[in-house]
Amino acid sequence: MSLPEVQLKAGILGATGTVGQRFISLLSKHPYFTIHVVGASLRSAGQEYAKATRWKMTTPIPAEVGNMLVQECKPELFRECDVIFSGLDSDVAGEIETSFLKADLVVFSNAKNHRRDPVVPLIVPTVNPSHFDLIPHQRSLHSLHKGFIVTNANCSTTGLVVVLKPLQDAFGPIEAVIVQTMQAISGAGYPGVASLDIYDNVVPFISGEEEKMEYETLKILGDVNETATGFNILSFTKVSASCNRVPVIDGHTECVSIKFKNQPPPSVEQIIHALDSYVSESQQIGCHSAPEKAIIISRDQDRPQPRLDRDNGDGYSVTVGRVRKCNVFDVKFTLLVHNTILGAAGSGILNAEIALAKGLLKVGS
Amino acid sequence: MSLPEVQLKAGILGATGTVGQRFISLLSKHPYFTIHVVGASLRSAGQEYAKATRWKMTTPIPAEVGNMLVQECKPELFRECDVIFSGLDSDVAGEIETSFLKADLVVFSNAKNHRRDPVVPLIVPTVNPSHFDLIPHQRSLHSLHKGFIVTNANCSTTGLVVVLKPLQDAFGPIEAVIVQTMQAISGAGYPGVASLDIYDNVVPFISGEEEKMEYETLKILGDVNETATGFNILSFTKVSASCNRVPVIDGHTECVSIKFKNQPPPSVEQIIHALDSYVSESQQIGCHSAPEKAIIISRDQDRPQPRLDRDNGDGYSVTVGRVRKCNVFDVKFTLLVHNTILGAAGSGILNAEIALAKGLLKVGS
Amino acid sequence: MSLPEVQLKAGILGATGTVGQRFISLLSKHPYFTIHVVGASLRSAGQEYAKATRWKMTTPIPAEVGNMLVQECKPELFRECDVIFSGLDSDVAGEIETSFLKADLVVFSNAKNHRRDPVVPLIVPTVNPSHFDLIPHQRSLHSLHKGFIVTNANCSTTGLVVVLKPLQDAFGPIEAVIVQTMQAISGAGYPGVASLDIYDNVVPFISGEEEKMEYETLKILGDVNETATGFNILSFTKVSASCNRVPVIDGHTECVSIKFKNQPPPSVEQIIHALDSYVSESQQIGCHSAPEKAIIISRDQDRPQPRLDRDNGDGYSVTVGRVRKCNVFDVKFTLLVHNTILGAAGSGILNAEIALAKGLLKVGS
Amino acid sequence: MSLPEVQLKAGILGATGTVGQRFISLLSKHPYFTIHVVGASLRSAGQEYAKATRWKMTTPIPAEVGNMLVQECKPELFRECDVIFSGLDSDVAGEIETSFLKADLVVFSNAKNHRRDPVVPLIVPTVNPSHFDLIPHQRSLHSLHKGFIVTNANCSTTGLVVVLKPLQDAFGPIEAVIVQTMQAISGAGYPGVASLDIYDNVVPFISGEEEKMEYETLKILGDVNETATGFNILSFTKVSASCNRVPVIDGHTECVSIKFKNQPPPSVEQIIHALDSYVSESQQIGCHSAPEKAIIISRDQDRPQPRLDRDNGDGYSVTVGRVRKCNVFDVKFTLLVHNTILGAAGSGILNAEIALAKGLLKVGS
């Protein structure tokens, strides 16, 4: 994919929050998305970004963003934006994003609010870019010229589906998935988890997380229906998730056991081969942020580890290790996903790159 | 159970190690076991205990132990001991414990070496004290007068079987168990886990741990055969474990999904009731260290948590929370066990109390 | 000190907060203070304590407190209380405590608000119980019959003065103190420090903390004036503090360098002897909560350590180690204080015990 | 400084250790140093580097290094190297480095062994490159043609002298320095600090560290004597250090109080200005790895923080915050240095760049 001829103007909703900060950090180094407007709550609006924000990234605030004035999250203030990335909290995301959609703007949202909408694609960029096929129907339904909304998935779901997708492609339907997560504190935003709650501790509960994993997996791994007007959500596959918070800064680790419909199941080496050779559509298109490998196989017996492996593929790869037989199901393994890059802001950006490649962004029109 | 008339003399093997330190810490407050000899490797032998040991408990070295001379782990030096607790490392435990057994001594071992021996009971004190029934056969086989050896279980297995036992008793055979652990660093001894390996990290592998959970569970939950000469190891039940090390000092957390043979399965409330009302034999006997409740049910949605719940029942209770339906199996829940108390030294001590109550310790004879 | 003939009724202000929880945890095991009323903000008032509180102690809520109804912090609701312990936040403590004082109630406050009041004693129980001598003047000034208010010190100050007191007593005025702290997260209350702020991190700033250490030390180490109407605050001694938050649950560690006025200074061994042989008035009186030793000297080169030493003396002792010559001043050492026991709630309770012993509590009158 | 015409061949001693891994990680991206030989202990020699090493960097082993055969640390095996970087442990570094020097090789050592040698420069690259002036004398003394040895400083010392240097330059002699460190676990190598020793803990002792800070500071801040045959070690300045290990992965934080000889002392703003405007010789020369700013001033009241600021200047800058008046001395502040980059391997590399710029590397000769 060659670079676009013009820079695309990007707006960021929820720019002062954790996901918003990650959007800014990633976009400040992007070759063709330029940060044009940063939006946040009324409380921050009117202030310089650097002053309105408790910046928590480990790299400094990009100079060009630091003195931008924060805007309210109103569509008319983002009218010039070619793409809008939303890192809004779910308590406000639904209404605001809908108002942006109605204003014919293009929204890539990290919020959960529209993920279950039957005409909103839920896209993990290294899994199901084909779900963009529904955009014409979505536009027509809302009488839009160029606007649309696409969501990325929950962070833990993201890691899981990247691994399940090539297995389903290669070996047929997956009957059962039991997954246990060990999730990083950055997933809870800022101030998020109190240190007294997580230090020397595990919290075996994350509100709504298990339900998201159990539902979103089925939508993402399903396909678009024949008339491109809806999604076939997997009904055969059952997913059971147990989600835990552990004292790790970034990177969600997941232990997964799966059972295939087709028996006998593939061998461990066949599974490793399927994962190792997987190339997603976003990589084939040559998207700028697509990782060299969507899945990195580690053959060390004690990997993946979040501190050492979360930045693999600049945070866009999922690392898989310990692929082995399961006494109960067919196979089990451990995976690691960077929860704030591929699991959040990075997915939004890579989804936007895919949309551009697919001709869905009507730049400057 | 009334107190014995005399104090019992206790010896400790591997007394300078982490498990040995916990034995000392627990025994120093015990009403009728008195620490009589402390044994360790040749390197430590002859030194005062306080000098030979890098003490890592959060309470001071008991005064009466600090200036004991450390002995070599030779049976003749422990001849006066009524009971011997072994916290030896597995690389030396096999041979040393066997030599103690042959010398007609009573050994309660935390090491893995004899756990798979067909005539050695593997006993979790709040689960299967009935396995002591094999002791007469073990003695006869080795021509012993009063000696025998009993092992306690792996720390993670211990937590699991305490919960599975009442479920099996109440609802019949368990067909499948998928368990994922988040284990504390104290389980690896000292120096054990390097801080660079676990800080801001998860290590998704603990050598030999998954195999122990998958085997020991079946031996412990099985029963003694009719002639009291061997164990019926469960063959129907399948266990699949994924074991992880997390940055927690003490307390292993486990996410468990189980499937019963008998369908329809019990309801969530029936399961909670079975767990909550469970009373083990060691409690019925009235053993000193037996917890008031073998299983403590937490109804808070975000418990158990290791930092807050590991000391429940002074470390002898298992805490269970989040009992709920599983999309794939019948039920899932989270459990917490104190890995160095019930999961190690505490089991040895409580097992010795049971043995005394059952008349298996021939004190002073 | 023999036990009082009657139980004393204790009220707790700010009972749902971190300090309040510690008061409850300590008082529930107290031989003669009985928890009678628990007070908190209007938001919690009227609810059962167990429901109103996010309990974060590692032992369960005492049964007798769990179902008490939380009261508003109004003096008329605490009229029956013989003593009142205040764990209120400083934003409300000033006004509420004053209203309790005016109602002729006895208040032991952990809040900073009255610490600089010229007629309010600032008492660390193992340092300056003699400051209770000002109570008659305080009562007379406010026309009180039995009420008074006493505050305990800031947590970091507390550890420091316990060590400086015997040195000043033995070797004369201290000219200069440079102290750097490494403070536990529990000192910030709950939710307090965000995990993203402290995990894999040090925060080199705690608002107002350095000023407290630099002032309170001078008031505590000074004496009551000749007419018992005010305090002689040290003017010769200079204190410079640098306060840091580190990833530790409980226990403040402090590195201290000091210079004496009198030269040549005492030797290291003389200093160790002075610290080791120190017995405070609260110990001499035989107060129930007074530790066996106010200062525990560790001669291990790598102690004190918060995880291993914070519970020394049940949290009422200060542990001192690494006493050695300083290249710049006379001597330097490291100390450790349990910030939520001696450094907060425990000081309040021990102060109340001292007041009782001194006849300042007019029980039932 | 323009790039050299040829690539320089670099050898690494102790290549499998923590410092060696950092050398490899930094050199693999270096424009003109090429890794040519990797040396380690006899145990590793003959194996492929990737197999011989427990790689702990967060980026993968550079491909070109992974399959190099590890060599023994013998001079004849490094004869082709233009520069040699030593990350050897101090128990072997002395002898091996001396043998390399005698073989007329150029050694930049991170080990402590030669730091106190009266003819070996102890150079922090953003502080005292002028100490290279002694190299001709060192060569002449050892009858060398092109070889020499230079050491970099202890990690904590490094951070301190970078800040003291501009203050001494601007305001004259410093009379007294009291410094307290909070040091990262990576400074102890691998396996280094046991997790049970540092989790939820502070260790107030690091063997030999305080002595290094108190001595090395005086050598580095002194100058070369008139005949360029020795160093004038500061005799007026007194340094007192208290060193602590805290649970942080990378980045040493230091609280510093200083007193100037010349009174009245500079104002806080004058000090900030002196630090902020400081440009070291390595920056003036334009060395590749020299940071844009040797010292970065943070004006936020709660910075520097290791997790957020350690990578400033790619780990080659020292970040200073909280510059303020000291009650006892003249001024106090907090500094942060990346202990394994500027504080170790990075200093060695930058020192080599300076040596090249000064014409001290006789490449290919």
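Structural remarks
In this document, chain identifiers A, B, C and D correspond to the written order of the chains, with residue numbering beginning at 1 in each.
The definition used in the following text is that contacts are C-beta pairs under 8 Å (C-beta built on N, C-alpha and C of every residue); 3 or more make two chains touch, one makes a residue touch a chain.
Not measured: the values here are computed from a predicted model.
Taking the mean Cα position of each chain as its centre, B sits at the greatest distance from subunit D. Interface comparison, A-D versus C-D: the higher count of C-beta contacts falls to C-D. Put simply, the C-alpha centre of subunit A and that of subunit D have 41 angstrom between them. If you average the CA atoms of subunit C and of subunit D, the two centres end up 43 Å from each other. In subunit D, the residues that touch at least two other chains are 56, 197, 199-200, 247, 249, 307-308. Residues 176-178, 180, 182, 197, 199-205, 214, 238-240, 242, 244, 246-249, 253, 255, 257, 301-308, 321-322, 326-329, 332, 334 of subunit C are the ones touching subunit D in the complex. The residues of subunit D lying in touch with subunit A in their complex are 56, 58-60, 199-200, 249, 307-308, 311. Looking at the complex, you find that subunit D touches subunit B at residues 56, 185-186, 190-200, 247, 249.
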